[in-house]
Amino acid sequence: MQRIGVFVCHCGTNIAGTVDVKAVAEALGREPSVVTSVDYQYMCSESGQNLIKDAIRDYKLTGVVVCSCSPRMHENTFRKAAAAAGLNPYMVEIANIREQCSWIHKDVAEATEKAIILGRAAIAKVQLNAPLVAGESPVIKRALVIGGGIAGIQTALDIADAGFEVDIVEKQPTIGGKMTQLDKTFPTLDCAACILTPKMVECAQNELINIYSYSEVDAVSGFVGNFSVKIRKKARYVDETKCTGCGLCTEKCPQKKVPNEFNLGMDNRRAVYIPFAQAVPKVATIDADYCTMLKTGKCGVCSKVCTAGAINYKQTDEIVERQYGAIVVATGFNPIKVDKYDEYAYGQSKDVITSLEFERLTNAAGPTSGKLLRPSDGKHPHKIVFIQCVGSRCTPEKGKSYCSKICCMYTAKHAMLTREKYPDTEVYVFYIDVRTPGKNFDEFYRRATEEYGVHYIKGMVGKVSPKADGTLEVQASDLIMNEQLRIDADLVVLAAAIEPDKSARPLATMLTASMDTNDFFTEAHPKLRPVESPTAGIFLSGACQGPKDIPETVSQAGAAAAKVIGLLAKNKLTCNPCVAHSDELLCNGCSQCANVCPYGAITYIEKEFVMPDRSKKIRRVASVNPAVCQGCGACTVTCPSGAMDLHGFSNRQIMAEVDAICK
Amino acid sequence: MQEVMKKRAIELLSDGTVAKVIGWMPGEFSYDMTPAVFTTAEEIESNFVYNDFCGANVSKYVMREQKKASDAKILVFLKPCDTYSFNQLTAEHKIVRENVYVIGVGCDGMADVEKIKAAGIEGITGIESDGDKFIVKTVYGDETIARADALAERCAACKSKKLTVYDEIIGEDGEVVENSGRFDLVAKLEAMSADERFEFWRNELSRCIRCNACRNVCPACTCEQCVFDNPKSGIDQKAAADSFEENMFHIIRAFHVAGRCTDCGECSRVCPQHIPLHLLNRKFIKDINELYGDYQAGDDTESKHPLTSFTYDDAEPSVIHERGNE
Amino acid sequence: MQVNEQFTPTIVAFCCNWCSYAGADLSGTNRLQYPANVKIIRVPCSCRVNPMFILRAFQRGADGVIICGCHPGDCHYTTGNYYARRRTTLLFSMLDYLGIERNRTRVEWVSAAEGAKFAATMNDFVAQITELGPNRRLEDLRCRK
Amino acid sequence: MENKTGMKEQILRMSGAAVQKCMRCGKCSGTCPSYDEMEYHPHEFVYMVEKGDVEKLLKSESVYKCLTCFACVERCPRGVEPAKVIEAVRLEAIREQGRNHLKPDQIPELLDEETPGQLLMMALRKYAK
């Protein structure tokens, strides 16, 4: 039998003005198990709290009901007071007789009656309360960053800066990501490599940062503060510790016809390669799909020329298992494939290119050493047409439903740079809307038209037809002139939509992190928790969460790092004790609860039970990880047998409230 | 058919592939075929039966046998509708698929003995199928009855004759039946006024004697302990003391199996009070199909059922308030 | 027995802690009135509302039950209200199918900023239930007042 | 005004096209082979029908200039189907004039499996004078 104390607050006249608090205290004092019931001016004040503390000691209370303002206001205050008097804080319930009673009613009799009923409901609930103890779990003080683009790099640097170890897993042979392929960056036009490579070097040199390049995440288990991750280090057939990055092997390799992915296949590399000069780690990698030695066993040139003896044809994939307290996803994006849009003739003409290919054509380290030349004949293009929104803002059948966000700005950059370097070139940009919300963005776009004379045309290109003379006939509408244009262009550049990297979906499954229909990771809250995944301990950095430009990516990367640091700085995590728990004797292991859990908090264990006849039996039962569960209760309703219940909001507690209200 | 099945069962039993066989044998009367577990060739020889009275869904018996010994190899004969329940039980980890050898048996619909009796045929000892007729064996000699007149209601509105899981097939595999008409009665009820519906269901549910046969036979009712039997649940009730409790039990039971019910119709078959309980389950199935897209529980063992999944643009609950017929 | 007296219905409102309960608080802070016969039960999320609770309320004498949660897409637990939406839709449809007045139940999405909507919703719902009259089809006679 | 919305509804119903999905990119007009022949262009059809401004379209020769090649339908990023809107306006114009050129009994012999039914109907209405 509980011993319950009821404390009715006047809140000055806020409550006492419309609720007869004395009558409430008196009526509730007659409820079963209530041993004391008093009213007071301000319960939340120091002396009000002391009143509660004294009553807990004097009456040996096992439960407390405070009739006052909203629990969202002072539930914690009263819980702390109870704890100070030696009562479990979760034995306190609040009846909200201010916001949900005195403030909305004028009639005193009516409001008083309602306050009594709300008090009764709280008493009925507290009758069934049980002391709850918040669990604790240790935090492993190391973070994992998945993806080594600018997002991952910035997050890793910021975490390391706070003194925590960070591992970066990057699937390519080098970190750097998409930004390494860019020429200049908008709106300031600094060179991408100049601002990125120092950060890459910093990562390599920072003692707290460990880079797993050419590696992928194979499996993830555990929970916030305590993840265990299997990392597959793919065989690169070069001993990273020995290779000096001299590059001799990449010059001598006889296999010269490997499409160079760094230049998007616009030139070739060798079978053993270093993606680019500033690669980090600067270590050669052998492409097993093309290496003659690995395929036929005959060649071995690279091994012969390597003075460091770093080549190892017998290398195999290696799995390392490491523990982390937090995981940051920074898997980035890719441009979509545009060959499905027949009307733009991407597959038909070499001179229809994507914007990322255009970046390579204008980059000094690119296939043309930075000279803008047509891929088909190597001639300088005099008329260039840029097409916006290729695959963005479409119906799901036609492409991506979202705006890819970065295309308007980089196209303005491309147009501007082209006009600056080659003033004899006519540049047309076909747009639906020009979207430039960002600091100095609209000014930048205006400069493209006002200072550089780029022709912006409101309208869309309907068709690109390659002609016999090598030009491309661009048929488009000009919506403002209300006419149809035909432009004979030398080069057509498509601003392809961007999409999350393909590796994100399987990774999300491993992390039990949720994704939207476009495979972007979802945030814990779209406004208030934008860099956290709903799964505790998983954080989001960069374009894996949605299309982003570089400044935005870097700020999000820093924000994610701050969240990680906040987590790793703790020695132990205190869990919310109002979490789900499963009655193993009732659970039949059907897995429905795990299907609705947004946090992956429910796992199934094979547990041995002693049956009434003393025989032992192994049964599959649900097990809730209290460190991961957030206490939403979705599982409790899915469970038909009622094996799954929620501490603090149990089936019986809520039904007791219902009963008290309806009586 | 029965002989082929018997032969195959004995083969698999004697070559050690399986240790138990789940099928049917006569119960109290020779027309109430009951699920049965056989462990020897002799038992099969003398008792195993498969005929047009074998309507009972045996999938749940696999679960029961595996509960006794999860590693014992079991042979089970499943009719098409039983395979859906079997899949659903597998999906919910109630059956270890690897330890079961499934022989799918084709089915053309089962006979309803009540209908045969109602046609004045007495002393029934057996049944045979013959095209669009059933030949009913009786102590007074053979009688014939048109298939349409003796077919069980649920088989007349059969949703699928397709075997969704099997290791081998005896007989013919069929297809999913389009336009089975199984929702016709639900639609008819929906078209009634609220008063008429209330009247209808009061009339039906007030007959409930809480024998729990529906719950015991249901392949989706697999709880260790039912909420209605658990004093700790706060809603336990042994017998319905009030009309509310009659409603409560059946609403909650239907809700608990919603999305998981394969529409096998066993609940209505076993109800001694002849309450059309399947109309509750079918209402959920019809709503699910209409609101969230066609879904058949037990089609496979992978997909999440409609109540444990969602789409961002699901219908709002107000659709219920906005549709016709208050 | 109340005969010819003004019928005041008993209404149970399940409100999720993060949006609707806060919305109810806000309507209090703004002094927006709604009838006193609406009593709120705080639950962590609309997905915590078990059909058993709804039936229980009717059994014990409630005349109307309303469930309020975050707007779809805004759930504090990301997905809770999506499950609640399906469950309540199907349950309400079933009650309707059994001939129980469909307007005794309702779901509304009320955000923490929508104090006015909360009060308006409650006023509207109370009026609706008052018009429907006492719950007789899903009550437990033993609990009749 | 009422008549205006009535006409719009009628055209939307006939065409089954979702004009409200249009994002005004002009790709339909950019792709239209009949563009120069037309007074009102595909994107204008979509926009004007959405506004309910159908009268001008009904009177315009443009409705007969559309080749029904469906390039705009094929390429519209938003699935608006401008050609179907134009066809619906054309039908409306023909109906208003009481000049239905369609002889139903001629259809079966003209059908073959390759020809989209809708295309055939359009051709009949346009050319069977």
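Going by the order they are written in, the chains are A, B, C and D; count residues from 1 in each one.
Everything that follows uses one rule, which is that contacts are C-beta pairs under 8 Å (C-beta built on N, C-alpha and C of every residue); 3 or more make two chains touch, one makes a residue touch a chain.
A quick note: this is a predicted structure, and the numbers were derived from the prediction, not measured.
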item	value
Selected pair, greater C-beta contact count between A-B and A-C	A-C
Between chain C and chain A, distance of the C-alpha-averaged centres to the nearest whole Å	35
Approximate Å spacing (C-alpha centroids) for the pair chain B, chain D	53
Rounded Å distance, chain A centre to chain B centre (Cα mean)	45
For chain C paired with chain D, centre-to-centre distance based on mean C-alpha positions, whole Å	49
Multi-chain contact residues (two or more partners), chain C	51-52, 56, 73, 79, 83, 87
Per-residue overlap in chain A, given as positions that touch at least 2 other chains	596, 638, 651, 655
Per-residue multi-chain contacts in chain B, two or more chains	227, 235, 307-308, 312
Interchain pairs in contact, sorted by label	A-B, A-C, A-D, B-C
Complex contact set, residues of chain A against chain B	517, 585-592, 595-596, 604, 618, 620, 638, 640-643, 651-652, 655
Chain D residues touching chain A - in the complex, by the definition given at the top	21, 23-32, 35-36, 41, 43-44, 71-72, 75-79
Residues of chain B defined as touching chain C within the complex	186, 189-190, 194-202, 227, 235, 241-245, 247-248, 251-252, 254-255, 258, 280, 283-284, 287-288, 291-292, 306-308, 310-312, 314-321, 326
Interface residues, chain A side, partner chain C - complex	70-72, 96, 98-101, 103-107, 110-111, 113-114, 117-118, 121, 514, 522, 524-526, 534, 578, 596, 598, 630-634, 636-638, 646, 649, 651, 654-655, 657-659, 661-663
Chain D contact footprint on chain A (complex, rising order)	343, 389, 393-395, 397-399, 432, 458-463, 475-479, 482, 484
